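Consider the two complexes below, in which subunit A is the common component and subunit B and subunit C are the respective partners.
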Partner chain A sequence: MMSGNGMLKIGRWFGWAYTGYTFLFILAPIAASLVFSFNADRFPSLPLKGFTTDWYGGTFTDPLVIEAFQRSVMVSIPVALLSTILGFCAAYCDFRFEFRGKSLFGLLMLLPPTIPAVIMGLGMLSYLSRINLAGEVWAVLISHVVIALPFAMAMIRLRLAQMDAALEEASWNLRASPAQTLWHVVLPFCKQSLVAAFLITAAVSFDEFAVAWFVSGLNETVPVRVLVFLQGQVSPVINAIGTAVFTSSILLVAIGMGFSGMGKAKRAAADSPAQPAGGAVTNNGLSL
Partner chain B sequence: MSNTSRRRWPLLLPPLLWQLTFFLLPLLFLFVISFWSVVNFRLEPDMTLKNWDFMLSRSSFWSAYGHTWALALGAAAVTTACSFPAACSLAFTVSERTRKLALMFLVVPFFTSYLVRVYSWQAFLADNGIVNALLSVVGIDGLPMLNSDFGSLVGYVTLALPLVTLVQTMGLAQIDRNLIEAAHNLRAGPVRTLFEVIMPLAKPSLVVGALFAFILAFGDFVAPTYLGGGAPPTLSNLIIDTTKSGQQWPRAAVVAIVMILTLVLTSLAAVRLAYGRRK
Partner chain C sequence: MTQALVEIDRVSKRFGDYTAVTETSFSIGQGEFLAIMGSSGCGKTTMLRMLAGLEEPSAGEIRLEGCSQKGLPPWRRELPLVWQSLALFPFLSVLDNVGFGLKMRGVAKAERDRRSLAWLHKLELGEFASRNVMQLSGGQRQRVALARALVTEPKVLLLDEPLSALDAHLSVRMQALLRSLQRELGITFVYVTHSQTEAFSMADRVVIMSRGKVEQIGSPQAIYRHPANRFVAEFIGNVTILRGSVAEAGDQAIRLNTATGGMSVSRGNFAGAHGAQADFYVNADQIAIGDEPRHENHVRARFLSHKFIGNMVTLFLEVPGIDDDLKVILPERTYDCLGVQPGDSVVASWPAAAAHFFGGTA
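Take a look at the complex of A and B:
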């Protein structure tokens, strides 16, 4: 009995150490890029050569980078707005209504992130160029809504799952029309998840490079610019941009999580058999 | 009944129309243009099989196909194996508070640019990079890691590991602890409990996690290009080369359709494996 417990304890410690290494593997490239963004040496190697902020200076005076930043912001805000609105509609339909082809509807809504980006990119490029949109900022916007909508839908759907169905019925009994109920009861209930969905879809759009690379033409967004840098030679500018973008998107996400009480949503999801995001795909879609 | 149906259209139509117009149609359009031809660098409507014939009759296409399959399968296996101990640890041996904190850290990478992380890995894996510098301390000579399949795999694992660990941890956390207790009371050792109780119960999350890793690796072009060296090419490299350099969109569409078919069939097989036969 003693030795069994001892073994369990060793196993437990081994598990924790291993988990620590896993997190190290996940976080190492992020941390390294932060460190090298301040390293004086042009080539990212050890030992470090000394502290500099030149790469940041160089980055944020580069007109191409500044333009890309402006364009990324200009795209990601309408993308977030549109994805959140459409995502709410889709999530509410999934929550409230029963209809034929509902699982197909769920599949159509949630599938885009599982399609490889090169394929989405090629499809979007050929399709949008037929309607003379390829190479325009609109093309990036449209593609990003397709990709971001599922994230918004999943987050809002999780929140709706926490809503007592009697809440809406009570409102109808009090003679509120369905539209009034939606506006005065359902939307306020989902408010925080709507804000969270807005911020996270903005982050998804701000980060997406592959489809944008195919359809944007000369209208580069920030990650497309990074890809172009990556195709060139070694460039510490990538670390500077990466660190700046990471800091701002983590701030956005932190604010978003603060708003949504993601923790609560996650716990509810863990208790119920339906899983969020990825699990939702399999539950809704693939059990046709 | 007709009342609710009238009520749902204003909410149902906008997302439905959007995804039909800008998601389903572009994918279907790929199928259409795979039968079109390119005349003077311009796409012309046509009804020809020559793109299919051109792609499918080349051995270079099939070797790219095999290479992509092998890499994606390897990525699924490696990612699943690497994340399972961590997921077990997070699901069974830590408090709920710690688990929530850990899961939050797993979400962090979703919001850092994958491109930046891949660029960062170049610094680790290069011949005179960080890993080799550390290895030389213990007396191991420079290992070639960048521009090889190993490099690609590191990229794929970077891409998929957080998601797979998340899926596995959530699957494992849902296992009824009483079953594990029961196995323990029936004198099953930890290893036997792991293989005969925990793993069968966690099978759906293991398979779904592996499937996600497979899908992500199968379609990724960044890791094979910037960590794998781009040669031999994967199918996504092939799509990019064919689209960007030759304007041969119809031929690229053929590759895309073959990829989609492969992914659909793999997913169906994986779901059947995960949840058993249904119907």
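Take a look at the complex of A and C:
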């Protein structure tokens, strides 16, 4: 007969093992890509042949790759900016006002991530080509705002949910007009979630492949460029690009998490128990 | 009372089918400390929110210094409010929280900081000026909220149960602070609370509300001694309500027949005819306990239980023929000298002057 304590220990051990296995499953391919990006052999096979940075050197002197990187950056920053601004507006409307069809509005706002990327890409392509934007950088930008906006809205809405409703009233009571209240009270209150939303939507845009593949035409972003490479040849250059993209995305997300309060969960837990929730739900949002 | 500063004129407020405040009128004098008291849902907070402009009355009008406040949004009014939740801005320092109202009035930074700091010093918070409000204790935050509302030197300050989150000890200290601040500044305070202790210890006048209506307005003493009706008497809880029929009307007192025998009640302006049924109340702290009757009204009763509140003791007596317990309030010392135990039979007696009809002395 096993004691309750022993059962608990086994349960905990199983929990750790399961979590470890999950992370291994997710991270192993990325780690492999990282390892092979420094491998001297041009085929990804064991045993490793020796250390080299040639693939990085080769990649970042390739004008097509450089151009794709520049384009990705040029798209992701305006996408992040627009998504954050529009996301804030949508979140604030949802927070502040009661109106007809409010639940429908909320549903529509959060719809894009639930649509399969291929369907979204096809839809975007057929629509954008009708208004003569398909194949332009604008097409990628517009599509990415559609995809990234719900993430921004969800993060900012969560932050607003933590705001004492009396805070806005207190501001009005101290003779701040609604516009002044928005500027001096609501925006400062949401500041961290705004920065977090900016970084995470930038990462969403930087990583997005399927829709960009449909609408970008000759204006390839990095993920699209990677696919083009893959179709031509199996080259360790892919590993180098992959590692670079992964690193930049994970950095954006990590910094974003920090701003959303998840990194400071310990201190925040003492201040207000609601604080870490923002970060946690953001996490769910990303795995959509 | 001096001239009216705030006039509430037949104000009603409805939220859909629900009526929060019904045709309420009263006025608030210059420099007065007015407490609005009632249990939750009585309309007291709605009344305060209408004063601040956060709710618009469905009917009637609120006037400040004779000027109608109708349609005036909160950001155009000069009626700062201290929130129950305090509603301090968590992203601002203590100093900037206090200076917020001045900033919105376009006061330059140097002047703003000087005036805010002066208030912080006045409330013994000077050393915390650069701290974040989240780093302060409950009592300190309370004073920051007070400074933020007072820094613009308003004529009226509205307070919505500001002490409900504090522990008893701190609450008593804050009551003293509020009272002395109000005296010193000569500002009108409108203080909403559900606590009888807070209202009665600080206010010049108390408004008792129930179900959106005013039940009684008066000084704490007047309400305590002469509740206007059964609701107020039960709410304050310091009297026992009895019922009888008029047997004989004298100049000073009226003789009634009750379930426990004949009783004399102060006449006041009572106008009931012979045989009419009437409610009257007996003040708990004017009843004597002993083995023999000491006053003209007396009943034999059984001592049931007692409870201590400060240095006073409330005794609950069972009297044959009446439903409620007879309440008697005695100083602790007197109670000790009596030496009665629960279960003992005692005689409770009181003079006609301790018994009154409702509304008889308004």
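Throughout what follows, the second predicted complex is superposed on the first by the 254 of 288 C-alpha atoms of A that agree within 3 Å, B and C clash if a C-alpha of one lies under 4 Å from a C-alpha of the other, contacts with A are read in each partner's own complex, and residues count from 1 in each chain.
Convention: a contact is a pair of C-beta atoms (placed from the backbone, for glycine too) under 8 Å apart; a residue touches a chain by one contact, two chains touch by 3 or more.
The structure displayed is predicted, hence computed values, not measured ones.
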{"item": "Room on subunit A for both subunit B and subunit C (clash or fit)", "value": "fit"}
{"item": "Which of subunit B and subunit C A:191 touches, first, second, both or neither", "value": "second"}
{"item": "Partner contacting more residues of subunit A (subunit B vs subunit C)", "value": "B"}
{"item": "First, second, both or neither for A:19, with subunit B first and subunit C second", "value": "first"}
{"item": "First, second, both or neither for A:134, with subunit B first and subunit C second", "value": "neither"}
{"item": "Shortest CA-CA distance in Å separating subunit B from subunit C in the superposed model", "value": "10"}
{"item": "Subunit B and subunit C contact sites that coincide on subunit A, given as residue numbers", "value": "178"}
{"item": "Complex contact set, residues of subunit C against subunit A", "value": "52-54, 73-77, 79-81, 83-85, 87-92, 100-101, 103-105, 134, 148, 152"}
{"item": "Residues of subunit B that touch subunit A when the two form their complex", "value": "4-5, 7-8, 11-12, 14-16, 18-20, 22-27, 29-30, 33, 43, 82-83, 85-86, 88-90, 93-94, 100, 102-109, 111-124, 126, 128-130, 133, 157-158, 161-163, 165-167, 170, 173-174, 190, 208, 212, 215, 218-222, 226, 236, 239-240, 243, 249, 252-253, 256, 259-260, 263, 267-268, 271, 274-275, 278"}
{"item": "List of subunit A residues in touch with subunit C within their complex", "value": "164, 166-167, 169-178, 180, 184-185, 188-189, 191, 271"}
{"item": "Contact footprint of subunit B on subunit A as seen in their complex", "value": "7-8, 11-12, 15-16, 18-19, 22-23, 25-30, 32-33, 36, 44-46, 85-87, 89-90, 92-93, 96-97, 99, 105, 108-109, 111-112, 114-120, 122-130, 142-143, 145-146, 149, 153, 178, 203, 207, 209-210, 214, 223, 226-227, 230, 238-239, 241-242, 245-246, 249-250, 252-253, 257, 263, 266-267, 269-270, 273, 275, 278-279, 282, 286-287"}
